[in-house]
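Residue numbering begins at 1 within each chain, and the chains themselves are lettered A, B, C and D in the order written.
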Amino acid sequence: MIKIGIVGGTGYTGVELLRLLASHSNARVDVITSRSEAGMCVADMYPNLRGHYSYLFFSEPEVTKLAACDVVFFATPHGVAHALANELLEAGTRVIDLSADFRLQNADEWASWYGQPHGAPELLGEAVYGLPEVAREKIKTARLVAVPGCYPTAVQLGLIPLFERGLVETQGIIADCKSGVSGAGRGANVGSLFCEAGESMKAYAVGKHRHHPEITQGLTAAAGQAVGLTFVPHLIPMIRGIHATLYVRLTSENQKLTDAELQQVFEERYKNEPCVDMMPWNSCPETRSVRGANVCRIGLHRPQGSDLLIVLAVIDNLVKGASGQAVQNMNIMFGQDELEGLRFAGLMP
Amino acid sequence: MIKIGIVGGTGYTGVELLRLLASHSNARVDVITSRSEAGMCVADMYPNLRGHYSYLFFSEPEVTKLAACDVVFFATPHGVAHALANELLEAGTRVIDLSADFRLQNADEWASWYGQPHGAPELLGEAVYGLPEVAREKIKTARLVAVPGCYPTAVQLGLIPLFERGLVETQGIIADCKSGVSGAGRGANVGSLFCEAGESMKAYAVGKHRHHPEITQGLTAAAGQAVGLTFVPHLIPMIRGIHATLYVRLTSENQKLTDAELQQVFEERYKNEPCVDMMPWNSCPETRSVRGANVCRIGLHRPQGSDLLIVLAVIDNLVKGASGQAVQNMNIMFGQDELEGLRFAGLMP
Amino acid sequence: MIKIGIVGGTGYTGVELLRLLASHSNARVDVITSRSEAGMCVADMYPNLRGHYSYLFFSEPEVTKLAACDVVFFATPHGVAHALANELLEAGTRVIDLSADFRLQNADEWASWYGQPHGAPELLGEAVYGLPEVAREKIKTARLVAVPGCYPTAVQLGLIPLFERGLVETQGIIADCKSGVSGAGRGANVGSLFCEAGESMKAYAVGKHRHHPEITQGLTAAAGQAVGLTFVPHLIPMIRGIHATLYVRLTSENQKLTDAELQQVFEERYKNEPCVDMMPWNSCPETRSVRGANVCRIGLHRPQGSDLLIVLAVIDNLVKGASGQAVQNMNIMFGQDELEGLRFAGLMP
Amino acid sequence: MIKIGIVGGTGYTGVELLRLLASHSNARVDVITSRSEAGMCVADMYPNLRGHYSYLFFSEPEVTKLAACDVVFFATPHGVAHALANELLEAGTRVIDLSADFRLQNADEWASWYGQPHGAPELLGEAVYGLPEVAREKIKTARLVAVPGCYPTAVQLGLIPLFERGLVETQGIIADCKSGVSGAGRGANVGSLFCEAGESMKAYAVGKHRHHPEITQGLTAAAGQAVGLTFVPHLIPMIRGIHATLYVRLTSENQKLTDAELQQVFEERYKNEPCVDMMPWNSCPETRSVRGANVCRIGLHRPQGSDLLIVLAVIDNLVKGASGQAVQNMNIMFGQDELEGLRFAGLMP
């Protein structure tokens, strides 16, 4: 039985971790910390968990209690994992960080995007970027895993098969992405109010979103050369879901590829991936088809047989885009069945 | 391994059955019928099921194939189970009917509310009304179970502890109920369009809803005498969820009961019920706390200590109000753990 | 041209006042105050107003500027109008208060519900409760008008025809009310987040809502005797709209009234009311039919011809339930056409 | 007083025409036809119109009655205006067609996209494409106006300032567009159900949408040369609103243009346009800011000063994208103030 600690469990990724782990046959949450809610039963904050965690109360963060766990998840704002990770690792506890603290490999780049110095640059060398479809082997033995962001998960899974094989131009990539409101977290911000975000949509942070360097880093690694990307996120009036609409151009020597061959590239790449679902050519995946599920569903389009390939990729931002992927990483790290706790079929309608 | 057939699996209760049964460790759907979609893989209609039912295709309804199953679920409009149930029962196949065909014990009453003659009155004698909290023992050996309607489940679970003990007046009961739009099914009706039902609400079928006699029948049985009920359903702009706000008056001899004693009546009644969750006194259950979960969550209120008791009961109309309750019945009928396939914690947010 | 000041214009009732007054041919907003947003153009906060108020900037609240207006609207939390009203009235400026400060005629009752002493009890004598359908004559000459709350508007308009004529029991009234989320205002509260209030519903403040004494006061005045009411508000996942489902019992001597006679009571009562729309008997008004409109739409039901009469009343909580009713009051006070600025037909779909 | 007829008034563009025309001081709807609803008062179908059109009933379509009007709007599926327009024009009645019948100037192209022969190719010569920002002079004297589609309105208004001045590449244009569900009309299709379109999003008709040739036609005219466009529409869970995210590349000689100069191009182009609102550089317009309003609101972005310009354009698909634009055309055709009936400020929240 894997002993689990969660730091900062009051937000949406925290409750989603609890929901998923409730159905994990070989893991148990022993500690969950929250400074503001210490003493409260988790089910009092999240009544969907009533009957599942009657023993579990939020507690003040204490390193010694956390260090007694096999693994600690950080479901915190950035900066917190920087401060605590090292101490836990030294105590032999593995760390799965859902925040952005260890996603960028370059501490200076991190500092420039997050507006503060990197708090633990000495750990960057061993931090593994936890996209299982790319780094499964490294994850197995990792002590410190950085769970990818929601947008980066969808965009990278949608594009790496093409970049790994050098099929598309590395410049001029467009990622027009749409996210449900839960991506903004449970913070009490006016912009996330029902009456502000409902019955409306908008772009935001155009050219300035912090997931931009994370996406670029991943695609650059896949391509083996620098990529140039325009990333425009949009806020959509739904609770869960990310829809990435990705526009890439086939290189001139690859424009002769048939639709079937392009489809085959993806199917081959993901044939052994339990959490990526290639739909048939010309499919339009719906975000609700992955609601609650740890799946990235992908469809390919090439209008009028031009050199422009359109990749549509959907995930649940709280599952494959956060907590589900975190559990998937844990399963890999601890030699579990990779899908344990993650077999939920998606809630539709 | 229980062999399952589903008749009419293209609607919302059908896909919900499939979702729930996908996580059942001791049951397998062998046959699913749909005249209109025969030949289509179920996952092509419901992409959330991709990866879970690759072997399963809609087929033309054929009694011989269905009769080879251990149990057949009817997820059909009313009238279909009337026509087919007997043949299946004679073949030794048990039947769990999610439609209204066998919910009313009086064939004439059924005929008057549904506008057509009852098609199988000879089966009414053995049909068991499948509310496990009331009829668990009968369900164990039942050959034919009528799964309660969504409103009737919420209203009965909210009120039977009071009526069974004669604590409240049997006349003047008010059930002001609110339902998400999925209660109207997947039929292409103008009233269920996103642009008609969204951002709005209304009452409907005031005093004329077909669940009225079903509720009355159940409460009358609990009370041991005729009850008089006003039932006003409302359509709410959400996909899933029923919220019943129930107003009953304590009889004069019971007005001295304290709040704690009233709470105790419910906790006692449901202490061994795995699918009913009594919240603390004065709680206001949210429908989302049971989204996807086979739970009825209940809160009690008594403003100003008057003789009026207010019971708030929420369910997911597609789960405890339909498909989940159907699976719960199956588990009871076949000696399974009653919660097998039904442990999902509720998707929140 | 009526010169208007608005105190506290950053909330939803503030922007709604601006929207409505933009189409008023004989009024002009000269001053709008907000401490937090002083210096900002109103259209920068509310882009829907771009092109309508390019001249108007939020300013620090200054009594001298406000006192130069013919009328000042308070769109503020409770307590603010208490502090400022007297000074404005002495300067000859009339006051229309959208907050709760002057709705209750009894200062002690106000203090007990709002948890602080009443700040201006000396003004209660002249404050007019601004429900035009009840107090039009008094409003004409009023210096200080208290605009009714949203729930109280819907409930009173739905019930006063019955109480004024003594047709129903004054005890045991049930008001099961449902409100869109904008009723909670634009404050950044977790409970009003899209991901908390969306796709869910719940009751709240059962027996404890501050609109309870306001409703009781109005109904008591209509009945000429004390009334006993149970009021249960619910939060519905829509932006605008209130739906009141009202249950009252005909007195024994009035149970012989026919449905047509009851309908006639309402039609007679409201035949000259431009902002109340009686629908035909057995109608179920939808909240969207009044979205953006200054109308209360009412339908009557009497299931099975019993003694229980059900009144359904819908309003837009921000219009007839707040800012529209405030403008209606202004029109009456200043001798304008009562519908000026209020002819909008409702946005549907 | 302009005498108006409406053919096919039961859909969303029909009710929206009625809503807008209700506030028009110099126009009156005399005839509205619907085969299926003949005899019904329009307010019985659309209760938001109660009190505004008590005199108006749906009638069987009769050319003689329609021909007695000054202008007839077609709010019909494609093909209907083809069949009736000529007869009306010959009778001296002007025609404003909200359908796609006269939008494409090439009858063969129309036939290939709509799968049937063009029914009135002889009228194409005089049909004016009713985008006032492009064709105001022609509209003044037009007998037959084709109201642009919703997506084409947003995309063209977002891009024509650039193409008219040759600032951007004419190939490789990407229009990633998002639409609320009302764009699909009031037809009872499963895909438009609340439970299908709610809490989810998807792309659809990738590379195959009928608005594609209409957009291309308009941009080609603006550019003076053929343009190459990729158009990907998405369905968003909101009732009203279109958000176009447009990606174009500055030609090499224009990459030196500063952000301010690009902003100036748009402001100059639209300075006299009452229904286009240029927001400040780097603005992200929200669809709700134009809800119910006849405005296209535009924001410009150029991330990292690259050659890629991003134009964000929002409209209400039922107003500036359909019925509002139709009324704007009527006003121009009949010498009215162009904004008459169209001054509504947008419903927000």
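The rule is simple: contacts are C-beta pairs under 8 Å (C-beta built on N, C-alpha and C of every residue); 3 or more make two chains touch, one makes a residue touch a chain.
Just so you know, these numbers come straight off a predicted model, no measurement behind them.
Superposition of subunit A on subunit D using C-alpha atoms only gives a rotation of 180 degrees, nearest 5.
With respect to subunit B, maximal separation of chain centres occurs for D (centres as means of Cα atoms). Centre-to-centre separation of subunit A and subunit D, using mean CA positions: 39 Å. Once the centre of each chain is set as its mean CA position, subunit A and subunit C turn out to be 46 Å apart. Chain centres here are Cα means. That of subunit C falls 36 Å from that of subunit D. Touching two or more other chains at once are residues 12, 182, 186, 195-196, 198-199, 237, 239-240, 285-286, 288-289, 291, 349 of subunit C. Contact residues on subunit C toward subunit D in their complex (touch as defined above): 12, 15, 18-19, 22-23, 46-52, 182, 186, 199, 239-240, 277, 279, 285-286, 288-293, 295, 297, 318, 343-349. Interface of subunit C with subunit B (complex): residues 172, 174, 176, 178, 195-196, 198-204, 206-208, 230, 232, 234, 236-241, 243, 245, 247, 282, 284-289, 291, 301-304, 306, 308, 310, 312, 314, 349.
Remark: subunit B residues 12, 181-182, 186, 188-190, 192-199, 237, 239 touch subunit D in the complex.
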